[in-house]
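Note sheet for the following structure.
First chain written, first letter: the chains are A, B, C, D, E and F, and each begins at residue 1.
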């Protein structure tokens, strides 16, 4: 009996702290969202599972020698994992629609107002007792408005590692909620006539333009914003491997096995940051609130910019596509398409929304570079 | 360290305690799995997911999935 | 550290500077992409690469490529 | 000539120690077993090759700066490689047969008696001069009876790294020998009538049960045996990725490229522990003998438990399937099927044996958790 | 405005050093060669991109904490990446042609004269002011003549890490230039009659020979040249996985995803060594010149050896195949085939040239072992 | 360090020794490969393995292989 008691003292039941139970519930909630609701399952499933593992008493996953400890230190603290994901996303991205209509980049720029307004909002929250965000914290939180997971994780790992878990969870959750958050804002800011505007078919884009595009993007980033080159550089490397057509072996691996393996590890490592003492704080509530605001502002500023461009172009641009400027590829573009079809069943905006959509990825990487070079 | 008799006693204890622990644990799991069978209506569930999965298994909230599919299609076409 | 007012001023500055920087940067990129369209003759280029690619995409200057293909062929044959 | 002499002094011929030659022969034997006899080639080929490389004089594979040194320290000492393998095996395992008939878990429990009896046996060996196993050593040796490679390597790396090479080699060798070791024991303990028992077809299992199963397993492990959560947790992560159906990309990578790459490295690193001073000892002989005993006892206790269950169920269970409880998936289940067919050519037991077979994997992970929480 | 100025001070424009601009141009040149000219794109694309990234001011790619810093230290400094590539190349190589006609190994031996003559040449360069190559430097440079990328990178990382960038770039560039460098030398050293010699069809090779071949190669290397066992050993492991037929899963991963992922990282890490202070030196000019000489001498000595063998065999050997002895698989064999067809449109030498071609890989690994055991 | 003459002498020595070593090594390998040809009966072996391989190449003593195949089959069916 003494022996069984010895084992009993090691059980989870005998060692649970309340915070761990709550965080496990959070982890299970994320698993539920991923599996049943199909919210960004590629990330939320490993994050949720990582959160469960990290909060097991006496298991030591996040202590030195534990699996999640190693994965976090090797992949997140160094920034390597988000950069490899970015390389893979670059290899998966087709910039054709944006090259055919480069003005769409302005929509990707406008939507970043969600980031910078949220930064101001995060500092403003400091007026409420209990909040004490530094400028670095505020920057890391604001990037949620960029609607781009690896960018958010990369920036948070550099500027506010303690907030990483909450920021990553908020970023992926809101990205999954795009179909719910965006449509009311889109409809409130546009008239029915505007939503019915049909756009001209995009011109075909040559292979040479597609090859030169990532080089041009990287060149400008080098000249004007070196702080963004880790993100933009790896993204452009992936895209160049894809478009050059001479290294299909490498491009295929970057798009598949490499990004898949890194996604598993990245998710687990992010989940390992969901510990009670870091997550069950009033800051997390603030982050969740700010994240929602960031998304809403980004969507609104994208749509408003598209309205302006629509007017200036004499009504050739459907202002709905501005909403795709937040990135959240390709969900935001699909939402645009869906809202467009509701107004006019023959109006397929998907291809037109892909331009601002991928522009939003570049826009938030540029915004991340600005924040890094200002704060970092 | 310990002398042999002590070690043997501890090994024997561990043998007993270990087998009890393993049986208890897996018995609890039997109960849990039986519970699962009640939670989950077996037949409806089996019939249902197949048609749904092509559309919904991969909700593709991010670029990777859509792009992966299009890339695969392209490669398939090239391969032909 | 800083007191709140200073922080707010800095955040407001960063808001302005950041948006200006993002717009300037992406505007420059618009110019650059428009330049690309002039450098690259769109249509000839689109028609051309398809037939060329089977031969030339993988120049196979090293063993890996040739061997990979032959290995794949072998596996394919085995698989049949 | 002086120059050639300088080179000569660096040759293997001029520097071989006898122990290295013997260990190379061991490595070549493992390669022979893997390639010609097809004994667990996925592991024994890299282990055998690693043993050859590790024993080359003047090559420095296992010294600081050498390839095997790095692989061992990064992957085995940290426990990362066996855990990744376990994730992959989880993603490869279908628990359908076990969920349909959960009583089979009792067979997976009974077969673990092989582990605990061997632990006692290892301590008993200390009565023979030359043996001096600690309780930790004995635990690591006993886990061979679990018939599960990654579990054995994980436990040995934590409890008895010096014995890792011998334990891993014994574990995989005996797993390969299952078709030779098990049948005589199975036949000796059952009557012809018992072996002819036909079992009812298993009910179909819903997707929801399959998704909830890994979560239930992990939940119980968290509550009662946190020390087993590294192994069980990664196994359940892999299985959840497989069954959830929402992350097929990740599941596919975990089942293929990731587990393959890690298997190569794991095998090489285990092989690098086959050095003369660690392997050419009387302890190794003891480990090999104990490993055989562990397998035999595990098989016997599984069959006896199945006999008991057969009686209690009124003859609805064929006692042969108890032998599959040792794990050694899927070899043990196939052996059950084969022995069953010998008695009754229409009696296909394969599906029925898969339940105890995967139960054995869980059982030995649980046993490993008990050992870790007692000894570790 | 002050804020914009703060950002301006961080731009690349405000911080560029002239050397960085030149090195970026070098990187772009490599990208051009890879993408447009299709020169060894699998390596030159990542190397060129790495060179661009490494020379961005204020981006910190190669400083502690930067992506390229980590990749270099983890993969190149340890020697792990070139060895994994070698394992993959081994898994991709079919030694059938060589086993059918083992005399071809002499051609692989003769072509290594390019290496040792260049070593002497590199030391001779020290007579020119500005050059000060040690024997280790000279050895690392000379291996360019081996026409084998991973071997060159492995040796340079051990003997002359400062010269690694220039050596790798020279090695891959000249390998890509094989179709331009070799034909004039081949034609100058052979008569038209010799080039028209048709060779007998090769005998079929049994599976058992193919399995035993890598074991025999490793065995001889262990006996006579342990310093070459890291390279030769990993190569033979890959080849054994391929030919054994019992671990197809592992072999496939080694040939595809693993070698692809490592190639991306290896290329980036090599590119990160293309910094102005290391590359824009008179030594680099010397390395480029010596590399060209090494290739030419290797080609010539291979052809001359083949001429000798042709005479001794009574004209059964076409001396052109000697040129394939430099390795540069399979480019050199194709060049042989092309030059052969120019003399006799029915003379297909490709299969016959594959023997010396893969022999050249072994030959330069052996030469690397000699250099390592002499100098290292 | 060393002066140039010494270095040149050493380089020359290494040139000679290295080429001798390379030739000796690869000559031994020729002998070894010729020995292999005698050990292994070429033709029987070539004819034999093909039919055997589907069954025996992957003996699948562990779960991975069987499960991988069933998983692949499932994916293939889903993909259809």
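One rule holds for everything that comes next: a residue touches a chain if its C-beta (ideal position, glycine included) is under 8 Å from a C-beta of that chain, and two chains touch if they have at least 3 such contacts.
The model shown is predicted, which means the values in this text are computed figures rather than measured ones.
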| item | value |
| --- | --- |
| Set of chains whose contacts include both chain F and chain E | D |
| Steps needed, at minimum, to go from chain B to chain F via contacts | 2 |
| Repeat of interface E-F, chosen from B-D, A-B or C-E - more than half of residue-number contact pairs shared | B-D |
| Chain whose Cα centroid lies at the greatest distance from that of chain B | E |
| Farthest chain (mean CA position) relative to chain C | D |
| Mean-CA-position distance for chain E and chain D (Å) | 41 |
| Inter-centroid spacing, chain C versus chain A (mean Cα positions, whole Å) | 19 |
| Distance from the mean Cα position of chain E to that of chain B, given in whole angstrom | 46 |
| Residues within chain B bordering two or more other chains | 14, 17, 21, 53, 57, 59, 64-65, 68 |
| Set of chain D residues in contact with two or more other chains | 6-7, 38, 41-42, 224-225, 246, 248-249, 252, 256-257, 370, 374 |
| Those chain pairs that satisfy the touch definition | A-B, A-C, A-D, A-E, B-D, C-E, D-E, D-F, E-F |
| Chain D-facing residues of chain A, complex | 6-7, 10-13, 15, 24, 28, 31, 34-35, 38, 41-42, 45-46, 49, 52-53, 56-59, 61, 65-67, 70, 256-257, 260-261, 263-264, 268 |
| Complex interface listing, chain A residues touching chain B | 2-4, 6-7, 38-43, 88-89, 92-94, 149, 175-176, 178, 242, 248, 252, 255-256, 259, 328-331, 358, 361 |
| For the chain C and chain E complex, residues of the former touching the latter | 13-14, 16-17, 20-21, 56, 59-68, 70-71, 75 |
| Chain D residues touching chain B - in the complex, by the definition given at the top | 98-99, 102-103, 105-106, 108-110, 112-113, 115-117, 119-120, 122-124, 126-127, 134-135, 138-139, 203-209, 212-213, 216-217, 219-221, 224-225, 245-246, 248-249, 359, 362-363, 366-367, 370-371, 374 |
| Residue numbers on chain B that touch chain D, as the complex places them | 1, 4, 7-8, 10-12, 14-15, 17-19, 21-30, 32-34, 36-37, 39-46, 49, 53, 57-59, 64-65, 68 |
